[in-house]
Amino acid sequence: MLSVRGLTKQFGEFTAVNDLSFNVDQGQVYGFLGQNGAGKSTTIRMLLSLIRPTAGEINFFGQSLFTHRKEILSQIGAIVEKPDLYKYLSAMEHLNLFARFGGHRPDQKKHLLLLEKVGLAQRAHSRVGTYSQGMRQRLALACALVNDPSLLILDEPTNGLDPQGIADMRQLIRSLCKEQGKTVLVSSHLLSEIEMIADRVLIIHKGKKVAEESMQSLTEKAGQLKLQALPEKRYVLEAYFLSLTSQ
Amino acid sequence: MFASILYTELFKIFRRPRTYISFGAIAVIVLLVQFALRVNGTEFIRFFTDSQADTFEIPESQILNGYFVCVAILHLILIHVPLLIALIAGDMIAGEAQTGTLRMLAAQPASRTTLLLAKFSASTIYVILLLLWMALFALGGSLLLFGQEDLVVFRETDLHIISQQDVIWRFVAAFIYAALALTMIAALALLLSVFAENALGPIVATVCIVIVFTILQQLKVPVFEQTINPWSFTTHMLGWKGFFYVEKTSEGVTINGSIENPMALVKSGAILIGYTVLFVFIAERVYRKKDILC
Amino acid sequence: MLRLVWISLFILCSNWAISASIDPATLLAGVKKKYDLVRDYTASAQLKTNVLFIKAPLSQVTVYYKRPDQLKIKNQKGISFVPKGTVNINLNNVLGLRNFEAIAAGTALIDGINCEIIKIFPLNDEEDITRATLYVDPARLLVVKSIISTRESGTYQISMQYGAYVSWGLPDRVWVEFNTREFKLPKGTTLDYNNGATNVTTPKGPQKGKVEILYRSYKINQGVSDEIFR
């Protein structure tokens, strides 16, 4: 599905992403982890052609992003960082807009079903300016799904959601993957959430890959490590993550 | 794809309340000018004709007619309307960057070139609609309020009287030319917008550029007249007035349907088109390669 | 040869004798009597303005006249800049002077017509007209040309051509030549478009302007309301 080779991005003297390579297989939930400033958002932006890589290759569905951008992006839905939307438009109008961006005609019925799925059907025609952060997050997900993409790239999708919202989001991501066969790349700071949904995890630190494992393998490795006893209870994965990224 | 993106851009423009502020502002400004001329129009005309009052019978009440008022209002095109154009066009990229919607937009399948050209086209359609609105109030409203007569156009060293039968097509041509001039302003604002992440910067910068070049042009300082003014776009933005300068025979009689030096208008129009193409081209080149970090 | 010299001398002396014998006051009285045949008229005419700084179309105008000195030129369908002299200064103002001195000042050939030159000096200091020179066709008792100087409106030269209405003393064509002031507005007030045409150097200072009125038809002595002249 997605193959990244030697991806590098330099901003002047500063190297934000350094020779990053990874693969995302079809039908997977792929977790993307790293501390603040590790290069996650920069990598995601490069995957979405928002930023030009200094070096490296990005291939989706066997095609290069640099030569088949339109075809590739028409199969991707994304949320990049905090989802900023048009405050003066309603949820339904957003979906109509995104449908047109993807080259499709707006389908009111289909859009209403989608809004129901993300829990916004009751507020379909209210202006986004009146929405809470959690509602905007859900609308952003609906916008990412409106053109039925085969790959979803979600940057911090549970930001601003209450516990029920987080659980719903988790459930939705699982069903998108398992029931609809979509591939999901999720970037998150909530290790517990990644632990619960990801099939495979990439950990980056200071722009470099430090681990790329299946979740099962990562958990096993974490369990094998002799970690210092900590005063508070910590998740094993969190402890392993911190040990990898503190170097 | 282009048509879809254009539709969405127009949809966004006309769903925003600030767009209607522009239309409202035009209506208010035009009405204010009409009111002022209704009250003090005769004094206004005397300012132009005072030096000849001893020699000629000046038909002031006839000169103050709908066509004259419309020409007076069209002078707004130079400073005031560009501000309203910059308000929309300058917001096209920088405004989206500021609100964070640009990254969402740029991650869509449509190429950046298509997106930029769609935004520019939407700005152009906005310009045309704004001018049509202005024409409705400025020409239609003025004719209703002040009636119809021959048009007298004053220049620094002469005046032109145009028969009322020969006037309407000139206004149509002037408005079309004004649309060209304001489209160039939209292109300039769009270009500046590509470099900024805050909409205020391009808007202010566009208006400042227009003001500075207008001042340079009106000062008529020889060094500027020879170097900057012939190529300054504000010089050529005034080309709409050229449709109201008529030719006369050796006996001093105006020739109906004529334009004084039409080639100058063609040249000015070509320069405006050239600037528009240049600004859009540079904007496209820069935007295509720009890293979207906002 | 000698005979030729005598004949030439005879002709010269005859002309001198004839002109010396013309009484300007009598001639003027005859002209006035002819012009007084017209109490009023309404004429449709075409007005052509030839002034350096005015570009104006041919105007269809209506000229109203009512004795003794009311004259109005109205453009029914458009705008005309009519020189004040054309309205304020007409022959009837001159012919209607009460207190004046008239001097014969020779003859002149104008458009093939041998005209008597009569110079008129009003004796009343309150008159607007300061002096007038009339070129009169003595045979038809018509003024062919006049140069009239006024206190208020400057000097006007008015030339007339007669045709269908000659019996009434009404011209077919009138040319009015007058001094104009320079037309120059302050820089920046008009926001001119520089189309290169204005680069042509316009002469500075006062110039001469010309207006031509081509009369198509007259309605004579059929009454003209005073309202028109207000």
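For this structure, a couple of remarks:
Note that the chains are named A, B and C in the order they appear, and that numbering of residues resets to 1 at the start of each chain.
The rule is short, and it goes like this: a residue touches a chain if its C-beta (ideal position, glycine included) is under 8 Å from a C-beta of that chain, and two chains touch if they have at least 3 such contacts.
Just so it is clear, the structure is predicted and the values come from calculations on it, not from any experiment.
Common neighbours of chain A and chain B: there are none. Of all chains shown, the one whose average CA position lies nearest the global CA mean is B. If you average the Cα atoms of chain B and of chain C, the two centres end up 48 Å apart. One simple way to say how far apart two chains are is to compare their mean CA positions; for chain A and chain C this gives 94 Å. Interface residues of chain B facing chain C in the complex, by the touch rule stated above, are 47-48, 51-52, 54-59, 62-63, 75, 78, 149-150, 152, 154-164, 166, 218-220, 229, 235, 238-242, 245-248, 251-254, 256, 260-261, 264-265, 268. By the touch criterion stated above, chain B contacts chain A in their complex at residues 1, 4-5, 7-8, 11-12, 15-17, 99-101, 103-111, 289, 291-293. Within the complex formed with chain B, the residues of chain C that make contact are 48-58, 73, 75, 77-84, 87, 152-154, 178-185, 187-198, 202, 209-210.
If you check the complex, the residues on chain A that touch chain B are 45, 48-52, 69-71, 73-74, 76, 78, 80-89, 93, 97-98, 100-103, 143.
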